[in-house]
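What follows are several structures.
Paired with chain B in one complex and with chain C in the other, chain A is shared by the two complexes that follow.
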Partner chain A sequence: MSASRETARRAARVAAARAYVLPLALLVAWELSTRFGLVNTRLLVAPTKVIAAAWRELQQGGIVTPLAASLARDLGGAAIGSVLGVLVGSVMGVSRRWEHALGPSFHAAKQVAIFAWIPLMSVWLGTGEVAKVVFVALAAFYPVALNTFEGVRSVSPSHVEVARVFAFSRVQVFRRVVLPGAAPSIITGVKVGLVYAWLGTIGAEYLLAAAPGIGNLMIDGRESFQMDKVLLGVVIVGAVGVIISAAAANVEARLLRWRS
Partner chain B sequence: MANPGIIEIIDVHKRYEVNNEALHVLGGLSLTITPGEFVSIVGLSGSGKSTLLRLLIGLDRDYQGEIRVGGEPVRGPSLDRGIVFQEHRLFPWLNVRDNVGLGLENSKLSVSEKERTVREHIELVGLRGFEEAYPHQLSGGMAQRAAIARALVNRPSILLLDEPFGALDALTRSNLQQELQRIWQSEKISMVLVTHDVDEAVYLGDRVVVLEPHPGRIERIVPIDVPHPRERKDPRLEALIREVREAILEHRS
Partner chain C sequence: MVQAISAYKLDETGRGIESARWRVPRSAGRYAWGTLFPLGLLGLWALAVERAWAPPQILPPPRLVLATIVDLVRSGELLNNYLISLGRVAGGFFLGAVLGAVLGGAMGLSKRLEHYLFPTFNALSQVPVLGWLPLAMMVFGIGESLKIVIIAQASLVPVAINVLQGIRRVPPQYLEVAQVFELSRRQLLRRVVLPATVPSLFVGVRYGLTLGWLSLVTVELLASSEGLGFLIVWGRQLFQLDLVLAAIISVGVVGLLLDKGLALLESRLLRWRPQASWSGEKVVAS
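Take a look at the complex of A and B:
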């Protein structure tokens, strides 16, 4: 019994380790190809150089400040977009009348690729912080609104009936039955929204006016042809995405403990 | 002043519109249920048993005739009436304690009184030790026990039961029937049980109301004059079970 459990645990460890094989092999291939001059090192610098760049930038404050600025835009915009998304999704989910009034416009607007709003927004809101945060909020808004709507619609009528038996007011029904019932779907929406918001943050930094940020770090690197800095930016963008997703999954697991 | 537990159903008709066709579900049903009485309602499908419970609890007010509880016409749900459905309908995101406590959302009790009454009702249905369990961790029988606790937590004078044990296995069902008899005796409230199970109806009821279908009307009322608590093997019950079964089947042809 314990022997078989031990075997199972070992198998799980082997499976987890398998995920590291490809990235490690690529890193080694990348490092070796730069060492042996197989690639133009002006275009592709060695991973060790990227690590050195990270160390250099870190000491000069070249990472912390832009990262903080990007995260502030990202999380601020995601928060605004999520709150509005939950509101709009709930209103459409609870009321057929509002669904008929808002639904078609919502679905039409959703078809416009998110980056197509950038020119309009830069005309209306300028190219500063406001435009960036609004853009990030818009990116997070759609998935949250859509998933909230579907979650609210999926709330079981028999649960709503129980609430009616206990003479719940409409507000009580919403708080006690509809919101918790829709929560799994809403959280899925927020997770997708966070991914879109981070994409939107880097995009907005790239396409709108220069200001401290990870997007800007990469633009700087490109302009001055410091490929180590550009690649450092890529690594940071990926790492932040992974960390945000992991944190969201953690919060989800806590909030939806009742499901497992 | 009428007693709070008395239910008066006076010439109630209920029609549904299905595909532009009127469906006559209840056709002039009259019945008085006295306080503390246990009334079982049986009948073939289409006799409007469950519809009648929906009208009694106040979830459906679209009918002709009159339903009075404690002398007052029913105008909607009230904390004085509890209901247990066939499915437990517990909220999956709340544990047993919070599911039971949910019934007290609109109660005027203080927080400590609420905690006490929730605890008492969890004990009443024999779920002590399972307060923290979530519905998916409970067996069907335990979930239905929690649903009974939730329905009783406001100390209603009437408990309605809509085929509450219909989805349970035979052993759990007879266990819970016995439990329900005990709870009814200790709470001294009126209970109205709708069921397909004639044995259950006779075992628990002071009276068994047999409905005939299309539209639902009272075919016969069979008094069960056997004192509680009852033995399942009691020959008087077995004779009454046969009588009720025959009364139901009379109208099948």
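Take a look at the complex of A and C:
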């Protein structure tokens, strides 16, 4: 028993150690190839240079300010989009009539790759902050609405029946039965919405007017051919995505604790 | 009270039963309701143009958008841009899906390879495709290869992850049966693992294609001189919103085609699958 547990533990340790082999090898090969001039150093800057760039930008406020601006757009837009998504999804989920009325339009609009709306929105809303936040909200809206709709539809009919026996009002049924029943699905929608909102934030910063932001940091880096800045942006974009997802999973676990 | 609640009432199959007051004749009524909202929007749009609530440069009349679409179709310009965009998607997606399937398959079949590759792969895949875009523009320029690479990358990640998960989730009972029948490793792969992975592969393909298309439109908006995304930017630069709207509708049509086409292909490929018994227990029980 303990022997088999020991082998299992050793296997886990081996697996964990193997995880570092490739990244370390890549980093070393990358650093060495730039040191010895094996690659075009304008295109591939050494990892140490990227770290130096990170340090430089951090000290000059070149990371914190754009990051704060991007996050404000991202979270603000995601919040607006999620609220609207829950509203529209609930209305379509609760009433067949509304589903039939809005569903086809909703599904048709969803087929348009969202970034295609940006040029149109830039005419109607300008290229400033409003257009960006509205676009991020749109990106978050679809997954939240869709998952809310499906969650509301899948609420167990017997639960609604019980509420009916207790003579709940329509609002009470929604608040006490339908909404908690649909909560896991709604939260899934919000999580997907957050991913799309972050994607939308970066895209909106590329395509709309320049303002402080991580997307802009990268575009600037590209235009001035500062590869270290661009790579720094890639790392930040990835890290922020991971942190937002992890935070959302954490909140999900707290919110759904009553279920277990 | 009862009537108010009955809108929430669902029968045991999960399809709703509505109170008599709410029921509309099945198909006809349903379609009528579905057209109500778009027609209302169209009416409002026409009214706004008629009353000149907004200048026609900002809000072109619906007639003009339709005429522009007809024009684009007649001149062959639309078809041309469709072919360019779809050609890019096809090329990039094929490349990405094949690489993704090989990578996911290799990691699925070898635990050791998974241990070496997956953490790095997973970390890299956390950066959304658009996050790589400025980098890719520096390395590949803004030509055709940029589009292919971006679509390939967008489709590689979901395909690889889903193939890996598909292989990991092959029901152990299947493998036991295969052992009883003394299948060779090759037979095991072809007869058991591959068919059991197809549904999961399809999830990846679907997701990858959607993401690839989304990324391509963005790249075409940013850096292109042809394709549907470029058509939108071009219309925007000329301040011809009729052209912009026509191109947006065309982008939506591609999305619809990809979605429906894949659903059709999926149902054809998975026809062999018994309807409701996609779980290990039931297979053993029968």
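In this text, the second predicted complex is superposed on the first by the 232 of 260 C-alpha atoms of A that agree within 3 Å, B and C clash if a C-alpha of one lies under 4 Å from a C-alpha of the other, contacts with A are read in each partner's own complex, and residues count from 1 in each chain.
Everything below uses one rule, namely that a contact is a pair of C-beta atoms (placed from the backbone, for glycine too) under 8 Å apart; a residue touches a chain by one contact, two chains touch by 3 or more.
Just so you know, these numbers come straight off a predicted model, no measurement behind them.
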Notebook entry, point to check: Is A:Arg9 contacted by the first partner chain B, the second partner chain C, both or neither?
Noted result: neither
Note to self: For the three-chain arrangement built by superposition, which of chain B and chain C touches the greater number of chain A residues?
What the structure shows: C
Next item on the list: Mind working out whether A:Arg35 is in touch with chain B, chain C, both or neither, as first, second, both or neither?
Entry: neither
Margin query: I'd like to know which partner A:Ser154 touches here: chain B for first, chain C for second, both or neither.
Written below: second
Notebook entry, point to check: After lining up the shared chain so the two structures overlap, which partner does A:Pro180 touch, if you call chain B first and chain C second: first, second, both or neither?
Noted result: first
Item checked: Partner chain in contact with A:Ala167 - chain B first, chain C second, else both or neither -> both
Notebook entry, point to check: Of the partners chain B and chain C, which touch A:Val123 in the superposed model: first, second, both, neither?
Noted result: second
Note to self: I'd like to check the shared interface: which positions of chain A are touched by both chain B and chain C across the two complexes?
What the structure shows: 161, 164, 167-168, 177
Margin query: If we count contacts the way the header does, which residues on chain A are in touch with chain B in the complex?
Written below: 158-159, 161-162, 164-168, 172, 176-177, 180-181, 183, 256, 258-259
Margin query: With touch defined as at the start, can you tell me which chain A residues reach chain C in the complex?
Written below: 14-15, 18-23, 26, 43, 94-97, 100-105, 108-120, 122-124, 153-155, 157, 160-161, 163-164, 167-170, 173-174, 177-178, 195, 198-199, 202-203, 206-207, 218-219, 221-222, 225, 227, 230-231, 233-235, 237-239, 241-242
Check: Residues of chain C touching chain A in their complex?
Finding: 1-2, 4-5, 7-12, 14, 16, 18, 22, 24, 29-30, 33-38, 41, 58, 112, 115-120, 123-124, 126-128, 130-135, 137-139, 213-214, 217-218, 221-222, 228-229, 232-233, 235-236, 239, 241, 244-245, 247-249, 251-253, 255-256, 259
Item checked: chain A contact footprint on chain B (complex, rising order) -> 57, 59, 76-79, 82-83, 85, 87, 89, 91-95, 102-103, 105-106, 134, 136, 154
